[in-house]
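Below are two complexes that have chain A in common, paired first with chain B and then with chain C.
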Partner chain A sequence: MLKSADDGTLTAQSQPGGGLERWAERHLRYLMLAPTVLTLLALTIFPSLYMFYAAVHRISPNPDLPWEFVGAGNFARLLSDAQFHVALRNTILFTVVAVTVEFVLGLGLALLLDKFIRRLTFLKTVLMIPMMLPPIAVAITWKLIYEPQFGVLNEIMYRLGLPLQAWAGDVNLAMFSIIVADVWQWTPFIFLLMLAGLASLPVEPYEAAALDGASSWRQFWDLTLPFLKPVIAIALLLRVMDALRLFDLVFILTGGGPADRTKVLSLYIYQVAYRFADPGYAAAISLFVLFVTIVLSTWFMKRMRVTD
Partner chain B sequence: MVRKLFLTLAAAASALAISGAAWADITVLVPSGSEGDGLRAAAADYAKMKGTKVETVQAPYANVFEQAANAGATKSGVFDIVLMDDPWIPFFAENGHLEDLTPYFKNAGLEGPDNDFLSKSLAICRNPYNSGPYVCLPYVGNAQMFFFDAAKYKEAGVEAPKTWDDVLKASKTLTEGGGGRYFGYVFRGGQGNPVVADFMPIFWSYGADLFNADRSKVTIDTPEGAAAMKMFMALRDVSPKGVESYNANEVGTALAAGTSASSINWPNWVATFEDPSQSKMVGKISYTAIPAGTKPGSSEIGHWTMGIMSASKNKQEAFDFMLWATSPEQIKISAERGNPPVRASVFTDPELTKQEKFRHYPVLMEAIQASTPRPRHPKWPEIENAFGIELSKAVAGTITPEEALKNSQAAVEQITGLK
Partner chain C sequence: MATKTLYRRSRTGEVLTRLSAYLAIVMALILTLFPIYWIAANSFKFDIDIFAVPPEWLPRNPTLKHYEEAFIQRPFLRYALNSFLVAVGTTIVSVVFGTMAGYALARFNYPWQWRKQISFWILSTRMMPPIVSIIPLYLFFNYFDMLNTKSALVIAYTAFNLPFATWMMKSYFQDLPVELEEAAVVDGDTRWGAFLHVALPLARPGLAATAIFCLIISWNEFLLSLIITLTEQSQTLPIGIAGRVTQYNTYWGEISAAGFMACVPIVIFAFIVQKHLVRGLSLGAVKG
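For the complex of A and B:
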């Protein structure tokens, strides 16, 4: 058992018959770690292993039929599955365009607010509201905005004498409409990180650059951007990882249509697992997405030298 | 102190939420909307009358299928009864998720459901279709009808549309005169279930079908299919812009707001169209049978049916509830709550038919009896998805109608393994 010494430190003192306590004392560090390890095992390790196990099996929706081992069969299906290829292409398109626009806007807003309107904290708070909203609320709000007959966007178009558009229904506009909604929600996230990065920049290099006659553009290019590089890397990495998992907006706004133009990987995984009752193949696609995310993140971190 | 109290309350609330269903004698999974609301109200009545606690779990349309499929695959027994859309029946029945009702009828001293049920309503509850044992009982008698604004059609020179050519003629005139704000026709063009559901009646009207009679061959890419597709594309051209993303709500709103003159629709929308608080078209919408093409028109049947999950631990109680809920008295109450009936006696009940809001009953009863079920295949959700993608592409104009038929044929052949 633990006993308090005169100097206030805790010392172990054995008692006759206290075998369990002695064992607990000897293994205290493991006992203290156990809750964390068990939680990790239950919430991360077990589901991941189970997903690997499911991915190499064909799982019938009939519970009386045994799981059939198919080895790499589910992964081989990825090569010939046209719907998977469409979803992959759409996911890449969405990720590249949405994250790029969010980054440019977020950085631009941060530079603007940091330099010119630093004191307007109210405006900063307002800009962050979209990020705080639940994704489902954002999706429903944009669905109402895009509604072709009664939506506010088409009402504005009508009043301006412009042709009405099927924002979420037109094959050429649907992905654009989803990107706009995502940009609206997540630009504040980039903005917030950039603002924090800008606030922590050292003043001296800028003073020295000003004395040397460097223009604002030169200062931004040679000082601000390099200083911000670690923050930019983290912001882009988090957004790319999140964009690869896009689901809510597509599910509510378009359901993957029209003509498969907005079908993304997460939606396809959901359909395969729950609509087509093929969880083995869904697990294989999920592992593919996980693999791509890990490879992309590692490459990106190395490229941006964040670890330095 | 406050923190402790908060934590205790949170834990208690979570425990209550998780075990809520376990308190019930029977747990029923129902969809959102009038069908689920009706059965939920019936469950409350049953609890009062019989003292049996019936818990209803309500979920959006697609989630009902997913939750029931999960419960079936894991044999969880969390649901005793599921209120199913009829095309799901082969999936649930052929994967062993549904209980054969034959022994329960025998125990009750019955040979099966009584003859007051419409024959087409009963046929879908047998698996295989119309020949196998009963695996469910019909509860909501949905079958599509043709909804149209008779005054507008008359203005366009068509008294009552009998054929798709009539519909196209009137719709073309109305859309051309609508200035981009009014349209002659509207349909559910959304990818997947919506576009397939609104195409199938047209497909059938031209003598086409997805499979041949013994389901040994896929028959989408045929001259009959091409004729149906040609009409579908012509109707698309007189529909609102963006129809390729429309689902039931958009179509219903277009009719209720009086911005479109006609559509194929489901009878549970009648209550909305006849409700002054939700519709500008009260008393103005007429209901008729699905128009003919080269063959007589046929509605798509879309009944909501109650089946007992095989893993249920309360099967007898579940059967008793189902038998009670589908009795003539209860189906009448359900009809008054806005759900189309499945019994002839309720369809012809003078107390109902004399009311304006039930004026569509004769047409609906005829529509059910002339209806066609969606192809009865355990992989129907996957087939519908593949067919729906190609139809959506054709509606959006990214591929030609011919390509849509050819691609659909190939996709369904691959899914079903038929050549």
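For the complex of A and C:
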């Protein structure tokens, strides 16, 4: 619920000090907002505009050469660039699979454990540790686990009598390996938000449903899920936003390989900008990502209004 | 009779649920903690034991060799110090600016629905993927000769910590009763004074939680630092770790030691802010 805000007219009572102080007091609502708004304007709007400018140029790695205007040329390249299509497909694949698995696991665990874990704050916090850890530390941890020669995972495979795998180094398992590491890190996030949602459910509808003899399955579909909807929307969209910007895990675990199977958009932009030294084209790809993000986040923020 | 069987069935059902719940908790704990244990365990092993097949589940011959390598022979102490300074700088700027903006957005009215629109605009800047801004930021810092400086990192990190801090503080201030500030104003305090002397002290737990989240976000950041920093003068801990994973060799012992050390403060922080986790992780949208 939006709390009704006061309108700042409380100031009228007594106003000590000189003219400047009085002026500051009268414009307090703008002065308190100004540092944040100005900083963010400088740090986000300016770069975005600059990127439009960069995206219509070919920028030479040699800083002494002038930028060459190419109009929509960089955007046209998006259509025919096979590498970009691979990166886009990998990003979508990763986002859909990872977020779905995290959601199903997180919600399932929350439903199963809600009653048992509600007061066990310490245990809950322990389970939340993975998502707070530096992604780079998570990446090297999983690199160690996936290591084909002396890694733990292949030891388990060996004990179970299953064929050993190259995991992050295998063409077919590389994306799977990235997803497993991401699921390990981020399932707790869904779990935590779902627990918070479940804790705020009203009791009365369930009592009524139980009196009517509704099965627990019916109660889940007709009561729990609709009540949780705002929290689910927030959790999913925050996860999707994060999944779309995946970089650290891929950078350490696979470097985008093997055979580009894990090359995601962030990594491709990084490669185009630095390894291929083509910032103009990288800016065009970035604008595409920005566009997708704006569309998604607008939808997200409409959902936020539900709980704000 | 009928009620009896019903009673009995639901009882077995309850025992089953209870059993599967405990089983799930134990499984979740093992899966959560094993990778963390594993990196810690490997950081205390000699190289030869790291490469052992089958793996050595407990370090039989523990050593601090890799900690010495990383933090004394190689500049990981320097990286950690850079990470810390950048995180503190970013946090101070973000929390000071964000608290004022959060308060303003929670309490004041603006013409033309600015309140709502500015709130959502600030949030939308948080949604911007960092990869999108690396090119302009790189060119910008290059132009001002600020590449490879810690101030450049503070500026870049503020871009996504400030919206976070603003929304967090806004949600905490919205939870405070406005009447106390009204009373202070009636008693002759200024509006700014009511914020400073009444609202701010009440919001102290929220302020601490917001600051810790900002520290964590900055401490963990990788991509922007990868672009902006070049040498150990400004490189942060994640960059230092990534730098020891090369095409030809991965220095397992060293990165395990440094990686584990990078995790330790985060785990401590997690316990300090455990009551605020839900709110912090949902940008104040869900109140846990």
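Assume the second predicted complex is superposed on the first by the 255 of 308 C-alpha atoms of A that agree within 3 Å, B and C clash if a C-alpha of one lies under 4 Å from a C-alpha of the other, contacts with A are read in each partner's own complex, and residues count from 1 in each chain.
By definition in this document, a residue touches a chain if its C-beta (ideal position, glycine included) is under 8 Å from a C-beta of that chain, and two chains touch if they have at least 3 such contacts.
These numbers come from a predicted model, not from an experiment.
Of the two partner chains, chain C is the only one touched by A:Pro135; chain B is not. Judged by the touch definition given at the top, the superposed model places A:Gln149 against both chain B and chain C.
Of the two partner chains, chain B is the only one touched by A:Gln165; chain C is not. Chain A has more of its residues touched by C than by the other of chain B and chain C. Looking at the shared chain after the overlay, A:Arg275 reaches chain B, while chain C stays out of its contact range.
By the touch criterion defined above, A:Thr254 reaches chain B but does not reach chain C.
In the superposition on chain A, contact of A:Leu20 is made with neither chain B nor chain C. Applying the stated contact rule after C-alpha superposition, one finds that A:Pro61 touches chain B and leaves chain C untouched. With the contact threshold set out at the top, residues 149-150, 274 of chain A are in contact with chain B in one structure and with chain C in the other. Touching chain A in their complex are the following residues of chain C: 17-18, 20-22, 24-25, 28-29, 31-33, 35-36, 38-39, 42, 50-55, 93, 96-98, 100-101, 103-110, 115, 118, 120, 122-125, 127-140, 155-156, 158-159, 162-163, 166, 174, 178, 181-182, 185-186, 188, 190-192, 194-195, 216, 219-220, 222-223, 227, 237-238, 241-242, 245, 250, 252, 255-256, 259-260, 262-263, 266-267, 269-271, 274-275, 277-278, 281-283, 285-288.
Interface residues of chain A facing chain C in the complex, by the touch rule stated above, are 3, 5-8, 10-11, 13-16, 24-25, 28-29, 32-33, 35-37, 39-40, 43-44, 46-48, 50-51, 54, 109, 112-113, 115-117, 121-138, 140-145, 149-152, 155, 158, 184, 188-189, 192-193, 196-197, 199, 231, 234-235, 238, 241, 244-245, 247-248, 251-252, 265-266, 269-270, 273-274, 279, 282-283, 286-287, 289-290, 293-294, 296-298, 300-301, 304, 307-308.
Looking at the complex, you find that chain B touches chain A at residues 62, 65-66, 69-70, 72-75, 91, 94-97, 180, 189-192, 240-246, 250, 253-254, 257, 259, 379, 381-382, 385, 389, 392-393, 395-399.
Listing the residues of chain A that touch chain B in their complex gives 60-64, 83, 147-150, 164-171, 174, 254-261, 271, 274-277.
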